[in-house]
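Okay, handing you the structure first.
Note that the chains are named A, B, C, D and E in the order they appear, and that numbering of residues resets to 1 at the start of each chain.
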């Protein structure tokens, strides 16, 4: 078992003429928590979409858990052990909370292939337990996601990721819409992952949060990785300098 | 001309059995900047939807600029002078940035009723100017909103509100998805509004931002207003106490 | 931990005011239409719509009418069950009517009897050896046709990502062509007795109701149902949550195809003949039944119960017109108005709640 | 401030690689289909599809064929222009074919001539005074019918919020009923010369192309177009941004209704008769033309140019089949396959770019 | 009480005349009839019959959508004891009809063959020995279309045609004038010389004529035949364009069917089979038909 859980080499994505991601070389070690920071439109979510099989990279390699993968769809990435909270949340608007939490891996009472009979009560109870951890309040779980507030939705997406075992967790701005209490709770969830030794990629614009939670910060600018900083060796102002382009990491010379 | 630009009396909204907003009495003076804070699902966005005509309140009165209004649609609210950045952003995914910015009030070269001829160039230029103020970077303005990053979308929605004159601006978590620089820029936009004497309702979960920008903080809990605090007379911890329910404002006794 | 069984706190919640299921509105529309016919009947033709008024028969209800109300929509109803599932996943199936035509022709040609009234079958398609086959043969052949059409639809939609409207429109045109080509436009008649039994009497109703119950359970209680709603609600999200969307769609269209084929078998059996024009416009009726029953064409919302109620509304309208001796010239105009009115009523009552 | 005319900085952007407009793919499909017919023609029947091979005429192209290719789709094409706008706003119009039927009947009865071959008109609907009216009368009456149908559709959809599918399905049924009722199923024939001139020769093509240009400009250059795309893209967002969605929808359906009515006028003039069954299934053809041309049934995407190309694909297919003397029994099957293939090609090439 | 009528299709010229014949006869006798439109759907027709039975009509007239689907209708009416009359199209079970059922119809196999035989004679009279023709078919799923096309081949095979006939192409225009115009124009664009057009009905014949006129073809050089003798067709014949059509006495069939239904309802005996013959119409006798449709 290698030290490194995820590695990308030369990962690149163009949308028509837009070079959203250029030659990204990224590594993540087992048990490590890394933050990705960067301006709006710097290519952070694009990076996440490439490594989770949502889109097909223009070129580049993805090595996960020692094996090179070309995920054709998010199912494959999930089956390989990557759990993701996407920035768009990826919830089904017309379904209620338990259905969304267990989407794609429902608890069943009888196995009958696609016609397996659902164990609704068990899913409902597990949902409550998972949501309580995020600290969110939802007066009626049978309401559809369409009728949830922004923060409630985000908590459902986070609970979904946290409720299942995985080899790597990716969270794209998980606390953007959360209130003070809920943010604290989600940060607790992340700390629990750290203790359990599960690696994490956290995308966030919140400097305090990043310095509180992660071991290392990777900065994206204009579609390129421009810095790779150990938390102890940097500070907020330094990171901002990389984000804005005032500085560029030594090993990334030539980046714009 | 009265001192008060917006007042609600007993504003209440039930969704089926969910009491999302209960008896909200709220006032906003001319030139005043007020923040609304509260847990996820506390009813903040519901409050905004009622006063902007997106939904019809179950009961209660809305007095805007001295006149009682029952807005049947957001058009009427906008025509009365209320500009809003909704939490859901309300952008048309298949249109490009300038089209979204001027949606519903396009610049035209010839007036011909619905068949008025658009002045695309002028809109494009005005769009660039408005976006530059938000600090966002968008490599190709003709890309559709569907292909924009979370922060880029939010900046488009903010630029749209800031680009037009109004009597009241409402922003529902405007910087949730924004990066460090963009957040600073948007805060500058808000300060400019303050200087121009335009009143503002800002919904935010960001304590620092709220204390930086506004005059007064109103706290929602479980669909009710539970505190109304002048900035000078409170601090972060105090506000959190109201949000979590550890404290309740004297004049709001009986609230849960 | 959780304060109530309904959620985990936050706002006040009054469980007695839960939103009413939309099927109730459809049911209300159905009852309203029946009442309208009853009242109009008593006013204008001095007869009762539902109750028996003939002296020589002593039942409370006009049973013949109750039977025909549901009998005449059972066959399209069977199709509508499949169409409902397709629409719930956010798709549409325009091919079902044509698949009925093609399947009826093909299945019937394997169901012919050799001797008719002592003479050889004048409409025989195949030779001697293929006559008087056991009933399972035409049934399996027919279901096979439906399965094939459904698979083609599903595979096209799932893997080439073309809009369902186009894939099934193509199938609609092609299957109708196939129906005409099969026997060069000639009708195919004289089925065996066992084949004729499939659609005899109230059998179509029985088949329709049984299937409705089965699919109601499937849509509400199984993973298949849950995934169908999820895909219709937000396909991208369903994919990102790890549902195998493509495979699921193939399954849904295959089931819809088989249901259309089953409808064709029942239809040709009931009519003792198959002709290439069978099933024309059934796709629209089936879709209309589903939509009247509250199934959203945006996908993600609706139910089998709703569709069954929608089918009944159709049946009541058709029977009611004949009952009122409404001039055929006006029937279509009034039918158009009623279809719209039923949905307006439904939509309006839902909005009422939303504002409540 | 802005670094390029394309945006305001951020990522590297290569303007030469801008995404190709989807219409190019449709055009490619059209050319491919024409080439296929040319090649098949030379292989199997030793004749050219496009070029003139007759000795007695000396033009490069087979002009008669080029004319009929577009002439035969012009009338449905006119309908498709309206349907395109409806679909772009996220709606659908199933009523257009029936509106054609009803309008043709009504307009034609105001366009009759008194004397046919020296005898009184045997199909006269109205009395003496209503014969040989100026051509403007039937045209205005016809457009009025279309406007009425469109307004009813639009008002229903905009103000009762019922799905467009249902509102226009209701109108489809009702208008077909109206067409049959108007003259109790009898055809109406023998129009005045001036009415007959509307659809004579290549006039339908001229009308179609002129309208296509006008509506292309409207959809790309005016507020009407912008709002149509916005509503189709995200109706809720359009409403929240202050577009009067209801009023706009009424306008869109009214325009679509009038275009259907215009098609009816041209059609009845071209055929010198009006029959209750006119326009059956035109709605599906019109929708198919639009969708083949890249108009998304989800709303928000598509163009008039695409629809015109879609119509041409239809025209080429019909002419090509006759040219190849393809057996009528196979035509429909092949047509279904081609419709699907055209869209598959389009979708596939778009995906290719997306991955590029 | 009253008589229920289920017509195959309302928006069909010929069937409209037939329907009017039924209505006229009923008005004359002061009877109430209820006429339904089966819209060419066999299943709908069977349902209509069941609805009539549920409403307690005294007799039913059926103009069958599909003549091979009549067994189920016969069974339904017989089970309820309601008399039934088939009109215009000969039911497949004509030889085994129960006593209280009858039919009034024309023999489709005579329809287009009369016209076509005449067309052959006209070619022969013009001195031709071999001709090339186009065939316009009605809807392929419709039996009348299949039968009328088959009649052409039967005439040729039986040697009843005076000239040798080459069919250049045979396509469907779905009974429609507009589609026939387009189809004919497509044919003309190939430039193949031809001597005539055989159309399954008058509407398509008229469409073909319009296309030929637009292309500047001399209408005296081609012989065009249709079926139905509609007013439009007769006007075209007067103008020297259409050469041959065939008249089927729809009103007589309709009236006859109603009479039979009334008698059966009253328990009287009737002829179980009534044939109304087709009549050939050419410019020579067309004046007789101007007021008949």
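Structural remarks
FYI, a residue touches a chain if its C-beta (ideal position, glycine included) is under 8 Å from a C-beta of that chain, and two chains touch if they have at least 3 such contacts.
Given the structure is predicted, the values throughout are model-derived calculations rather than measurements.
The chains touching subunit B as well as subunit D are A, C. The interface with the greater number of C-beta contacts, when C-E is set against B-C, is C-E. Seen from the Cα centre of subunit B, the chain whose own Cα centre is farthest off is E.
The greatest centre-to-centre distance from subunit D, using averaged C-alpha positions, is reached by A.
As a whole-number value, the distance joining the C-alpha centres of subunit A and subunit C reads 44 Å. Per-chain Cα centroids separate subunit A from subunit D by 47 Å. Here the spacing of subunit D and subunit E, counted between their Cα centres, is 32 Å. In this assembly, the C-alpha centroid of subunit B lies 71 Å from the C-alpha centroid of subunit E. Those residues of subunit E in touch with two or more other chains are numbered 10, 37, 140.
Contact with two or more other chains is made by residues 10-13, 15, 18, 180, 184, 329, 331 of subunit D. Of all residues in subunit A, those touching 2 or more other chains are 15-18, 39, 41-42, 88, 136-140, 143, listed in ascending order.
Contacting chain pairs in the structure are A-B, A-C, A-D, B-C, B-D, C-D, C-E, D-E.
Within the complex formed with subunit B, the subunit C residues making contact are 10-19, 353-356.
Only residues 15, 17-18, 38-42, 44-45, 87-88, 136-140, 143, 147-152, 154-155, 173, 176-183, 205, 207, 240, 243-244 of subunit B touch subunit A when the two sit together in their complex. The residues of subunit B lying in touch with subunit D in their complex are 54, 73-75, 78-79, 84, 86, 88-95, 99-100, 103-106, 108, 112, 114-118, 128-129, 131-132, 136-143, 160. The touching residues of subunit D, counted against subunit B in their complex, run 1-2, 6-13, 15, 18, 218, 221-224, 226-227, 229-230, 232-234, 236-244, 248, 251, 300-301.
Residue ranges on subunit D touching subunit E, taken from their complex, read 47, 54, 57, 62, 64-65, 67-68, 71-72, 75, 101, 116-117, 119, 122-123, 179-180, 184-187, 189-190, 201, 267, 270-273, 275-278, 318-319, 322-323, 325, 328-329, 331.
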